[in-house]
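Below: a set of structures, written as structure tokens.
Shared chain: subunit A. Partners: subunit B in the first complex, subunit C in the second.
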Partner chain A sequence: MNYFAGMIPFFVVLALGGAFLVSLAGRRLKIFPDIAGLLTTFSLLLLSVLAVIAVSGGGLLVYSIGAWRPPVGINFVLDGLAAFMLVTVNLIAFLVSLYAVNYMERYTDKWKFYTLFLLMLGGMNGVIITGDMFNLFVYLEIASIASYALVAFGTEKHELEAAFKYAVMSTVGSLFILMGIVFLYSYTSTLNMAHMALVLAQRGTSNILLMVSILFIMGFGLKAALVPFHAWLPDAHPSAPAPISAMLSGVLIKSLGVYALCRVFYNVIGINPALSSVFLVLGTLSMLIGVFLAIGQWDLKRLLAYHSISQIGYVILGLGLGTPLGIVGGLFHLFNHSVFKSLLFLNSGSVEYATGTRDLNKMGGLIKKMPVTGRTNLVASMSIAGIPPFNGFWSKLIIIIAAVQAQEFFYAFWAVLASILTLASFMKVTKYCYFGRLKEKLKGVKEVPVCMKVSMSLLAIICILGGLLILPRGESLFLGKAGYSLLKGTSYGNEVFEEVNK
Partner chain B sequence: MIVYLLCLLLFCVGLYCILRKRNIIKIIVGVIIAEYAVNLLFILVAYRRGGRAPLHSPDAVIENMVDALPQALVLTSIVISLASTALLIAIAMRIYQKYRTFDITKIRELRG
Partner chain C sequence: MSREHEQGMSVIVKTITRLTVGLILLYGIYILVHGHISPGGGFPGGIIIALSFIHLMLAYGKDAALKKLPRYVTSFLEGFGALMFLAIALLGFSGGYFFLNFISKGEPFKLFSAGTILLSNLAISLKVGAGLFAIFVALILFRFDDEGEEE
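And now, the complex of A and B:
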């Protein structure tokens, strides 16, 4: 029995408790929301690093709520994949809350922002660690509802319109997921994921599983903004305040969409060739359509939002290949994308903070006036475009190699093409925004305050050093364990019960 | 069987309302209808014909009982839909203040 199992609930408790305290005391004490937000996210980051160490032996940890053992009670499961996702989410959350200390001064009611932010974080952490199907739905809704409110945070015309569209589409997605859970429950008579995996393995395939799969692909696909379901993302992500855009694009669509999709299909229902090919097709479509739509954009944040769709396509493509290398590549790209896409959104927030515009035509030469923003943006652009020493290159390379190894030359070709188009579109951003002639109007622009600079620089350093994770030691500690959790498939159920009965 | 199909039909009515209606309030009503349909489906899959409440007493022999778990889950689900509906209505009110209309064909500033 590992001592860390008792710490697992703190991932949810700390975030929800922080949200409660901020909403209680933040209205009167002006400094309190900042401190509470930073402390909560920092302690969550420390806890998630400890979680990686706790599961580095290769096993998994189970916490049964109220000591009711599964399959009766609700349990939290911490395995390699969950620890990996926790580190990703909480790392970005900490850096984003550091950035928000200065950035959110533009808005009134900072405490409302931190309350919703921590609620969303608690929801995401809950989705990652839960081992119960209905519990997954509840946490998913906590995170989603907090994010609708955060998209509408500015309460201007565009924000409200985007938030309404996002809220309606995402609620429909949640309903599909709930309906899938209803059918799974009626088929297996259990809600515990591990028990469900065991029961499904005994029963074999049937038509109801096909229907459940379709419902889950639609539901989680809507949350992850895969291509036929992507219409809300390009409106919702740019309309939110910059730190929230970074959270939404960086981690929300991954933990609610990609992670939940993988957990359900790999560990509970069990992956099969038909599902794999659905993943491959959806991934490739997202990759290409996202990047084609992005090239024509002149609104900086909207361009970045379309790139999120495209990069999620890479992740799904890697995961859909189903080979060990493909899964590790997909997860590695998931981590890298959260780092560089949050950095890009924070950069765009800094530019908007300093110049008051998001239109690429009205910018130019900003690297002279804003050296930190300009340089970190250059790092992030090169990462997302896949220029060699940066992290984005390695993960894309692994995905393409995995596709070639799996004899999927068709998909490998499209992955290379999408990468080239990404490079083209980021050359456009760099040229129009940071290089070129400084516009007359922008002569008085100043660099952003210190907290924003620190946060962006830290993310840029992670972008540069991120490639080291693929070295054998980093791989075996961090990515390999996460990949293994998916590869072991439905024997997840057996492992959870072995751990509980130990 | 026919009950389940009617329930799915109700869900489709909700979806139709969300996809085809132009008035924001009607879209919200569509969301509510779809939520009701899913909750109803959840209760229906737990229902057993002629079943009784799953209460245990020493002398009674329980032969056929209704599954009580989904009823507890549906309560949670109703509370969640209450929260999301309240938020949707709040956003709709703010939209009306800004645009002075509920017609989504006139609320289209985001495109591209």
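And now, the complex of A and C:
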């Protein structure tokens, strides 16, 4: 067994242990929740960097829980894609919890926030590393239920309404997923994903697989907020406190939605041209409808939430192309979007923290009063709009090149158009919020506290340096391995069993 | 809401509750500790134990039940149950694997057998029972708070 394989359960253990320790001790000790949150997320970040190094040889690591080997027991599987997602999730989680140290002073009961936050993080890490279908559903529910409570954290009227809407719609999505798992289980008589892949490869296609595919596209599509299933997102994401908006938009919809979708369709069921074209159509629809809805918004956070839908469209478009370049582009955009969308939400949180409003009409000239927020926002805006040399440009470029190479000129055209519209809407944000004349009311605005500034600056630095990941060294270590995990398709099953029986 | 309801339900209900609530609690404990040899386990056991307290609350009003099981005890037990389950899982590392059943399994179908399963059931029942009771209390108190504001 590889030296790192023994560490795999700690991705879940640390987060859950932190959550319950905070719930026990955090009420009395005022300082404890902050320290526990920061320490947990930082050690998870270190672990995920180690995970990338551990799988850099190209293989995968399997951990059998309780020494029960698959297909009997539950197992954790760490491959290139899982390591890639773990780094994305835990990087954002660490920076967000750094931001929350100061930001969450606005709310009472900070320990409740950290408990729910770490539970959500544990759920997301679990979804990413699990190798068992039903276990995936359980972690997905942990993360989702914690996020319902976090959306309602302010307990104002509109927040409760948004949380209720989110809870109902997301539960329907979960039920679709559960039903898909039930059908798969009845067809294959196993819940282990690797074993399922082997059995499905033997049995060949059947109508029940079509049914399962539709259920999963609806369920995971709802979690990922793809366009016909996106209605909950523009309410839920702006209503949460800013660090949670950043987590939800930055990583939750990706780990529960996009990652699970890819894992199930590429590695278990096996991708086929029909599914690919569904991905392409849904991706393009999300991309365009998201950006068209975003451009008319005057509520800053709501505008950003619509852009999340649009950017997820790019990711799904890249992944749906199915070519190596398209998949790497999609995953690269997934990472980049996590970084710049978290940064944008943290910026909007800082503006709300300082001025008390989210309405773009009531802002103006804030860059003079809040230089760090203003400048980091400029970086993030240029990243999301795809201006070189920021990271968003490179990933969009790769996706568009991949679409052209795959002879999908139609989709490439819409991708370019959506990028231009994104630029337009972020020019609007920048003009109304940060540039222009300083409003009389905002004369007394101060820059936000130090932790928030540090967190935003670090994210902005990653935005600028993120483009370097596409250089050959970074690509082969990080993105290439993740893309390879998807490209190898259903031979995932064989690889897992080879690793177990070694 | 009338004064009578704040104090609980009628004499008939109170008498029946006094007779049955102990039995319900005992049955919950029975389901819990026999989880590994008969149908049942931590989840149903915890639910039934919580139901005995909820039964008390319905019949005698919230004060009587909250005196027996205050809110801070509930939230402590909930967190403690989760941590205990995690600790049992982590102790498996003493044998080299997460969740390993490291205690001797004993003779099958005896009460003290199956290693860590009984302890895990205990942890689950704490978590589930305290959680269910806390949710019920939260719903009750939320309604009372709300009505208090309107007055």
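Just so it is clear, the second predicted complex is superposed on the first by the 502 of 502 C-alpha atoms of A that agree within 3 Å, B and C clash if a C-alpha of one lies under 4 Å from a C-alpha of the other, contacts with A are read in each partner's own complex, and residues count from 1 in each chain.
As a working rule, contacts are C-beta pairs under 8 Å (C-beta built on N, C-alpha and C of every residue); 3 or more make two chains touch, one makes a residue touch a chain.
The structure displayed is predicted, hence computed values, not measured ones.
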Task = Name the contact category of A:72: first (subunit B only), second (subunit C only), both, or neither.
result = neither
Task = Give one of first, second, both or neither to describe whether A:167 is in contact with subunit B, with subunit C, with both, or with none.
result = first
Ask   = Is A:17 contacted by the first partner subunit B, the second partner subunit C, both or neither?
value = second
Ask   = When both complexes are superposed, which of subunit B and subunit C contacts more residues belonging to subunit A?
value = B
Query = Does the superposition put A:235 against subunit B (first), subunit C (second), both, or neither?
reply = first
Task = Quick one: classify A:461 as touching subunit B (first), subunit C (second), both or neither.
result = neither
Those residues of subunit A which subunit B touches in one complex and subunit C touches in the other = none
Request  = Write out the stretch or stretches of subunit B touching subunit A in their complex.
outcome  = 11, 15, 18, 24, 27, 31, 34-35, 38, 41-42, 45, 67, 69-70, 73, 76-77, 80, 83-84, 87-88, 91-92, 94-95, 98-99, 107-110, 112
Task = Could you please specify the touching residues of subunit A with respect to subunit C in the complex?
result = 9, 13, 16-17, 20-21, 23-24, 63-67
Key: subunit C to subunit A touching residues, read off their complex   = 75-76, 78-80, 82-83, 86, 89-90, 92, 95-101
Note = In the complex, the residues of subunit A that touch subunit B are 134, 137-138, 141, 144-145, 148-149, 152, 155-158, 160-164, 167-168, 171-172, 174-175, 178-179, 182-183, 185-186, 189, 191, 234-235, 239, 296-297, 299, 302
